[in-house]
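Below are two complexes that have chain A in common, paired first with chain B and then with chain C.
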Partner chain A sequence: MRYADFTSLDLLLLLQGLGVSAALFAATTVIGTAIGLAWALLRYYRTPLLAPGVAVLAELLKNSPVLVQLFLVFFGLPVLLETDLSPEQAALITLSANTAAFIYVIAVSAIESVGRDQLETARVFGLNRWQTLRRVVAPQAAAFGLGPLAGLLVNQLQVTSLISVIGVIDLTKAGAILNQRTLKPFIVWTVIGLLYYLMARLIARTCARAESRLRGHSQWKGL
Partner chain B sequence: MSLTFDPTTLAPYLGFLAAGARLTALACALALAGGLALGIVVALMRTAASPLARRAAGIYVDVFRNVPFIVQLFFLFYGLPEIGIMLSAFATGVLALSLAGGAFSSDVIRAGILAVEPGVLEAAQVSGLPRLAIVRRIVLPIALRSSVRPLGSVFVNLVLTSSILSAITLNELTGSAKIVASDTFQPFEVYALLLLLYAMLTWLVSLSAGVLHRRLNRSHR
Partner chain C sequence: MQSVAKRFGANTVLDGIDLRIAPGEVVSILGASGSGKSTLIRCINGLEKLDGGTISVDGHRVDDPRQLQHVRRCCGTVFQLFNLYPHMTALQNLTLAPIEVLKLPRRQAEEEARALLASVGLLERADAYPAQLSGGQRQRVGICRALAMKPRYLLLDEVTSALDPEMTAEVLTILAKLAAEGTTMLFVTHEIEFARQISNRIVFLDQGRLLADLPTARFFAADGGLAQPRIAQFLSKMSKS
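Our next item is the complex of A and B:
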């Protein structure tokens, strides 16, 4: 006999899934941003071999389905290296690398958005390359990059839903479990969709607020 | 056996993978047509004078852009039979891809419509053309021509997204690769090959979108 009604425990499952999705999103965003910025630095300093290598890697990660990357890491890597990988670890590795590729692209174009004349001015003032990056390029590039970053983060949140396919109990998997038990697809998937929608909204709003703060210095304040 | 990388053993499975690739291509082509048709209608609604049409189209785009594709797919795959609509996995997949593609392409087309110079529209209105003719003969040709390249990147995303159709038992390229991987016990080789295949496929798509864009906009530089 199957118990097909919704119970209060389902709420717990939903919350757990929500927590896993949010935590994985946060972790991969932090790790991916760090790696992506490091890649952009390799390009900024024109590191031989590494800089073009990173460009190719980012292009490959951007132009292949995340699902295939996930399968490659989860099913392929353990066979190749003869190790064990939990679904959570595989998800963390894949999504961090994927986020890093997109952050890299955003960071490169943000750095390039700062005019060459400013770099030359900074050089004339005797700033070295790191100081120029830290004091001149980074603040402006951050303001420039936040718009695309907001779009990216909303997208990356949606990408986390794919980890349900390799067995991580995230929000989507929680939905699949509830769907299978209650056989009420409309209610279940509407609720899951709504939760994702609300999270996406929250991310977009946070980014918009951060952007207006970073751009504050250049705004007209009145006389 | 550690660190063996031997892609030659995959040779007998290439035909099987090609069949999967054909299914992916078919699904993407159908979804491109469906998504483009939907995107044009929605973009026209979003730039319409009626606030109701603008609002309805806005909600559609907002929902389909902010909910993960796999959730939309499961909603349709499990939900449609519930209300008596029996579709095959392939049809459901194409429908879901078209709905998501429509939301994304409407954004691009809307930007193209807004970029049409007001003077052109005024000239058309002054000449006494009916509204439908203005849309069909003047606004859409200009808007679509200028949005070929961005539509190309929407299509690239569509191709990448189509891999998710393997989650509803459809054996397109990714689905067939899963079968090959479990057949050969060489998941790394299979998925590495698949990654390269998709990268090449999307590279070709964006390359041809660029060529088409240049050709269509040749006389307007």
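Our next item is the complex of A and C:
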């Protein structure tokens, strides 16, 4: 057996990389969604100082390259705080914050898509702001926001590949290792690409299913 | 309601309106588009801030946020464009506020809601979403939703102007029944004939000013409301169309 042949251990490496990518994606999605929704809530309640502050922060995160943010966190933050940061921690922090910024934008526009008449009706019937959000605004905003959300999540999955640069052994890094040893770039990167593709399809399908359930009330099924 | 004023920018929409409505009365508000009829309703349930004057319902003032809750509890509102919650079934539209605001147990709220829907002939549509209902059915749900809060007063804001004549008839039949049962109603409308049938009093607004506030018979009498040229002109125009 030549050193350049594929072995069953390579499959293990690949699966491990896949696991790291999927886990990081899942974790940053959960954390990012929680933070992004919390930011949107600050805006919904028009919290003084915090709401505009969050808007500026989201703008910064949204309009700078994720790779630069990653370098800032991985190389810059430890210097500033005089601590050590593992590549995984840096990846988790950066991607969570980045996802949060985009979730915030989607949540805000989804909330604003709910008509003023709906808010006024809820108010007239005596619902307070929280009841209005929970029972009237959120269900309608969720149906509106799921389309953009699916697009965002698929994109954030691809963005996780950037963390290979700071040494996290994710799916892309696993591909780079295999490629270096076997010198079969066409096969390796095709397989890696397909794996990303399958994960992305899974995300899109899940979102589409949730969306059609949330839109079940309207007869309009789209074009 | 005393000398109520409302301005949008430089535009005076309501100008010194005085109005009293006693329990059990049905008062119709007539007037051309833009005369301030809908704004008046929006002022009563606190959707617009007053620029002058006071409105109180059962002694609760609209301009005090804490008393406003009481006002909204007393007044049920039915909207021109129904404003049903699109993501909820007819039944859920009715039970939302009773469960959330009045804290009724779900079962009791649903029982009452079904009884209301039955009274307007919509029991079998209880689980339909607004998108699956006709305009007339939607507005009947809208009326039931207001009634589900057991309001003492019903504010009706051009509730039939988005409906065709047949659907209008469906809705008016229900309103006539409510009026006959002694529900207090403030009825903003373009349905002059109907207003004449069910109202005790007619209020006429013109450019934000109250031009007439007369018992129905007086309003339509030649030496009553019709003696005012603006009202005569409005009525003759409306009857032609």
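To be clear about the criterion, the second predicted complex is superposed on the first by the 217 of 223 C-alpha atoms of A that agree within 3 Å, B and C clash if a C-alpha of one lies under 4 Å from a C-alpha of the other, contacts with A are read in each partner's own complex, and residues count from 1 in each chain.
Criterion: contacts are C-beta pairs under 8 Å (C-beta built on N, C-alpha and C of every residue); 3 or more make two chains touch, one makes a residue touch a chain.
Everything quoted here is computed from the prediction, not taken from an experiment.
J.: For the three-chain model obtained by superposing on chain A, do chain B and chain C clash or fit?
T.: The answer is fit.
J.: Touch check for A:V79: first (chain B), second (chain C), both, or neither?
T.: The answer is first: A:V79 touches chain B but not chain C.
J.: Can you tell me whether chain B or chain C touches more residues on chain A?
T.: The larger set of chain A residues in touch belongs to B.
J.: Per the contact definition in the header, classify A:V108: touching chain B only (first), chain C only (second), both, or neither.
T.: A:V108 contacts neither chain B nor chain C.
J.: I'd like to know which partner A:I169 touches here: chain B for first, chain C for second, both or neither.
T.: After superposition on chain A, A:I169 lies in contact with neither partner.
J.: Touching A:A200, do we find chain B (first), chain C (second), both, or neither?
T.: So A:A200 only meets chain B here.
J.: Just chain B (first), just chain C (second), both, or neither: which does A:L152 touch?
T.: neither
J.: Is A:A100 in contact with chain B, with chain C, with both, or with neither (first, second, both, neither)?
T.: So A:A100 meets neither chain B nor chain C here.
J.: In the overlay, answer first, second, both or neither for which of chain B and chain C A:V54 touches.
T.: A:V54: touches no partner chain.
J.: Once both structures are overlaid, what angle do chain B and chain C make about chain A, taking C-alpha centres and a multiple of 10 degrees?
T.: Computed angle, apex chain A: 100 degrees.
J.: Chain B to chain C: minimum CA distance in the overlay, Å?
T.: So the smallest C-alpha gap separating chain B from chain C comes to 28 Å.
J.: Show which residues of chain A both chain B and chain C reach, each in its own complex.
T.: No residue sits in both footprints.
J.: Could you please specify the touching residues of chain A with respect to chain B in the complex?
T.: Those in contact with chain B are residues 59-60, 63-69, 71-72, 75-77, 79-82, 154, 157-162, 164-165, 172, 175-176, 179, 185-186, 189-190, 192-193, 196-197, 200-201.
J.: Flag every residue of chain B that touches chain A in the complex, lowest number first.
T.: Where chain B meets chain A, its residues are 1-5, 63, 65-72, 74-75, 78-79, 82, 156, 160-164, 166-167, 174, 177-178, 181, 185-192, 194-196, 198-199, 202-203.
J.: Flag every residue of chain C that touches chain A in the complex, lowest number first.
T.: 45-47, 69, 72-73, 77, 79, 81, 83, 85-89, 96-97, 100-101, 129-132, 145, 149
J.: Which bits of chain A are touching chain C when the two form their complex?
T.: Contact set of chain A toward chain C: 117-118, 120-121, 123-127, 131, 135-136, 139-140, 143, 214, 217-220.
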